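The next part holds the structures, each set out as structure tokens.
Look at the two complexes coming up: chain A is in both, with chain B in one and chain C in the other.
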Partner chain A sequence: MTGRLPARTVLLAALMLSALAPLGLLLVASLGRGWFFPALFPPSVTLESWGDAFRGGRMAVALWTSLGLAVCTGLAGAAVGWPVGRALADLRGWPRHLGAAAAFLPVAVPPVALATGLQISALAVGVAGTPGGVFLSHLIPAAGYAALYFLGVFTLFDRRIEDEARTLGARPRTVLWRVTLPMMRREVGQAFLLGFLVSWAQVATTLVIGGGRVRTLPLEVFAYLQAGQDRYAATGALLLVIPALLMLGAVQFAVERAEATPL
Partner chain B sequence: MNAPALEIAGLSVPFGDAPGLRDIGFALDPGERLVLLGPSGAGKTTLLRAIAGLAPTAAGQLRIGGRDVTDRPAEARDAVYLHQTPLLFPHLSVFENVAFPLRIRGCLQVEIQAACAELLESVRLEGLADRRPHTLSGGQKHRAALARAMAARPAVLLLDEPLTALDPSLREEVRATLLSLQARYRPALVIATHDLEDAAVLGERIGILLGGTLAQVDRPERLFQRPASLAVALFLGVPNLVSGSVADGEFRSPLGPIPAGPESLGGPATAAFGADALRPDPCGSLRGVVRSVRYGPRGATLRVDVSGLDLDATAGGGAMPETGDELRLGLERDRITILHGTTRDV
Partner chain C sequence: MTAASRRGLLAAFAVSLPVLVGVGYSTLASLGLTGPGAAGEGSARIARVLGEPVVWTGLAWSLWIAAASTALATAAAVVVAVLFRGGARSDRVARLFAVLPLPIPHLAAAVAALLLLGQSGLLARLLTSLDLLTGPGDMPALVYDRPGVGLILTLAWKEFAFLALVAFSVVATRGGRLEEVARTLGARPLAVFRRVTWPLLWRGLLPAVVAVFVFAANTYEATAVLAPSDPLALPLLTLERYTDADLVRRGDAFVLVLLGTAVSLLAVAAHEWTRGRWDRLEP
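Showing the complex of A and B:
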């Protein structure tokens, strides 16, 4: 028993280090000026790249574009995934498997293949190279994830509680707004987060459907890396991590707060 | 004159691909209690769900409070359905659960406060109004669910096996709460159960669901003493079923001739009677040998061999017979029901 505790502590410390060390390295890289191998620390620091991110530079535009797309994708993904997942949960046998496979397909195929397929449709509809087109290309895998998530949720959901609400006099819409949705706000929050993160990390579909005209943060990070601007790339990479973590915390906080407050 | 709270005529309810329920019919006055009794799978829940508007019907008519609700949705029927396990809304406090039917009807806050306070007091939950359902005990959850159901002021309250999963003390608590709420708010109650004792205690009338139809609807005392068919007698567990035949208005068996009534058809028949119709009597016409003595909460029951028939008899108030004793037994013939057919036919 005495041998177990230190081993566990060491493992936990290693896990924390593996999670935090890259972030620390990125932070130093985003601030360091003229920092080259084999120097252990940068000779001087600058806030230049951070200034670009917060003073309306290229990175700031990309950041807001990414945030807008991710929030819209999260909301729309949850809104589409809810009814699709519920409908799939109502099915039995092969129609259910077929539906689940259809929802899983955009999630399973490589993003480049998906993007190439979507580009043909986007060109035909005339949304290629627009934020709307990029949003739709993000929505397809996000809705697939959300549908699969809600399939699991509704498979376990006890619908008798909705039946009882209806016999108490609640119309189906009232049941949805006053019973089902409030009961599932944690799941809805998590589905939103799932869609947000799917969009936030998209590169291939943004590049192909956006055609370089819709610049999101991941694309800017790639561009900075290719141009050898490591300080800007590190700043962009950190900006990719921080909002995702903040959104995760915000959704968790909102859900817990809502659960503690009667409607 | 008030319309019946619930009237059902010729109702058929499909159950998947199976034939389901057919030709169901009964009426309930406001404040009356009907228990639907039947074995598992008889269709009790299906019938309750059909009355509530939660299961489709194939034929027939349903009227609640005089209104035809056959084609109306569940929310417009004035019939509240409660499941076996209380399904309180987990995101709402006890108060808000009880207030739910009032809020969705757009009642004023002051009315909601008054109605909920009265209901919570009547189910002894006034001190737990702010609690969430998951913090309540089993009995408290049942009481809260009943209070919420009563807040809707339904014409009909449908209860699916309300006491089945409860331990004896909780059963009594929930039963008492149910009866006191019903006495106060006067909804008609339809209660599904497979428990004979619950049926006898809760039911002013009992409906037996067998073979997809209502085999008999009667007052408990009449139901247990005068089952309408051999299938009902078997389901109720009538202990003494003696096969014989009817001829010339008389039932003939080893028990001797018994008047079968003018409406009895001739042919194979069965005499059904409870243990309380047969008891030791020094002047009785039957002779028997005691095979065993069983003691229960309502006294002792004798298993006696009468002319090769194993029958249950009530021990009576005299000296307790012992196994192997020879007895004379008296049979109250007016408590015997002669039923068409024999147990082999059922």
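Showing the complex of A and C:
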């Protein structure tokens, strides 16, 4: 035990450093002005790039576009994934394997392949280059993830509670709203988060289906990197991190609060 | 087949329909039957594209990056899950910090890696301040480098969080009692790890490991930021061809799309085959 303690302490310190140092570096880079080699710290700081993000600049527009897409994808992904996952959980034998494999396809196919394969269809339907088209392209993998997630959830779900409610005279809609959904608040919250994160990080599908006309935050970060504007790229990267962490915390908080409330 | 089965299968196929449409279109375009530069070449286009060395070096490079980053992330996740499995405060703190990078997008991780590992990045500045380097040129190339060190480290860091989360869950739900039995029967700590903990962890982690491998082989965001232009990774090569001004070369992208999709599906099939064999061993 005495020999193990230093190893654990060192590893714990390494874990903390590896989790926090990249975020710290992004923060310093987003604030540093004239931070050239070999200076270890920026000689002066500026809030210029943050101002662009919060005063209606390019980055602000991209941030709101990304947030809108991610929230819509999270909600729609959970709404689509729920019935698909539930229907799959009812299957047995080879239909179950086949159905799960079909739901796995949108998750397994590379985003670049998905985007290039779908662009012509998006053009034909008239949604290429529009936020609606980008939303639909984000929804495809998000719905696949949510369907697989709800397949696992409903496989373990005890249906006898629903049967009991029906025996007591509840209609299907009442069972859903008053019994199943309240019991599944955590799972629905997590499925929303899954879809949110899938959309939040998409680049290839946004680039191809959006055709450069739908500017999301990841695309702006790429543009800043290519232009050599590291300060703006670091600010954009941090803006990609902060809402994702906040959304994770908010969903956890909302779920824990809802679970503490008696049904 | 019952009505419920039909409903379930229809629902699953509805989710996968856009992908099937995309793959179907890519297949037709690969055969030159539709899409940009289509000239009804049949399998000649596929043969021509697959005959290009740049395609195979790109694929091999992508697989190397995926294998190395997955191996690193898996090893780290196993070590952390085994060492910090208890209920002590330090264990809980370690588990929290291990999974903290989970929601961080790969692009943000890649930007941080560029600022840290680049020729004039923070690491080079630290080494210069210690008089180990005299200038950015002395810094070994860790980004845009042919071995892909920077990309491997970035992907390993990012995927470690996901694998650690799965490993924590496997150890917490399946490990304890079996290990206790092994210890009661006189097994030493190393034997308990080799004969009980590791097999359990490996089998529990395998689906996640396959998912990470497939993801890393096909990821675009971090690769576009950190990878070299020679060899060009398969996802970058695919998008480069797809945006080429030459329509014939643009059509070639669909062959690469099928190649990337085939790699993903092969990895998943290999995993299912292994799991099927293991399932037969279950009591």
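Note that the second predicted complex is superposed on the first by the 262 of 263 C-alpha atoms of A that agree within 3 Å, B and C clash if a C-alpha of one lies under 4 Å from a C-alpha of the other, contacts with A are read in each partner's own complex, and residues count from 1 in each chain.
In this section, a contact is a pair of C-beta atoms (placed from the backbone, for glycine too) under 8 Å apart; a residue touches a chain by one contact, two chains touch by 3 or more.
Keep in mind the model is a prediction, meaning the values are calculated, not measured.
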| item | value |
| --- | --- |
| Simultaneous placement of chain C and chain B on chain A, clash or fit | fit |
| Partner chain in contact with A:Asp90 - chain B first, chain C second, else both or neither | second |
| Which of chain B and chain C A:Leu25 touches, first, second, both or neither | second |
| Per-residue contact with chain A, leading partner among chain C and chain B | C |
| Which superposed partner A:Arg178 touches (first chain B, second chain C, both, neither) | first |
| Chain B versus chain C as contact partner of A:Ile161, first or second or both or neither | first |
| Contacts of A:Gly169 with chain B and chain C, given as first, second, both or neither | first |
| Touching partner for A:Val112 - first (chain B), second (chain C), both, neither | second |
| Chain C versus chain B - closest C-alpha approach in the superposed model, Å | 11 |
| Footprint overlap on chain A, comparing chain B with chain C | none |
| Touching residues on chain C, where the partner in the complex is chain A | 1, 4-5, 7-9, 11-16, 18-23, 25-26, 34-35, 79-80, 83-84, 90, 93-94, 97-98, 100-109, 111-116, 120, 122, 124-126, 128-129, 135-136, 157, 214, 218, 220-221, 224-225, 235, 238-239, 242, 253-254, 257-258, 260-261, 264-265, 268 |
| Footprint of chain B on chain A - complex, ascending | 158, 160-161, 163-172, 174, 178-179, 182-183, 185, 259, 262-263 |
| Residues of chain A that touch chain C when the two form their complex | 4, 7-8, 11-12, 15-16, 18-23, 25-26, 29, 36-40, 80, 83-84, 87-88, 90-91, 95-96, 98-100, 102-106, 108-114, 116-118, 120-121, 136, 140, 143-144, 147, 197, 200-201, 203-204, 207-208, 218, 221-222, 225, 230, 233-234, 236-238, 240-241, 244-245, 247-248 |
| Residues on chain B engaged by chain A in the complex (per definition of touch) | 49, 52-54, 73-75, 77, 79-83, 87, 89-93, 96, 100-101, 103-105, 148-149, 152, 158 |
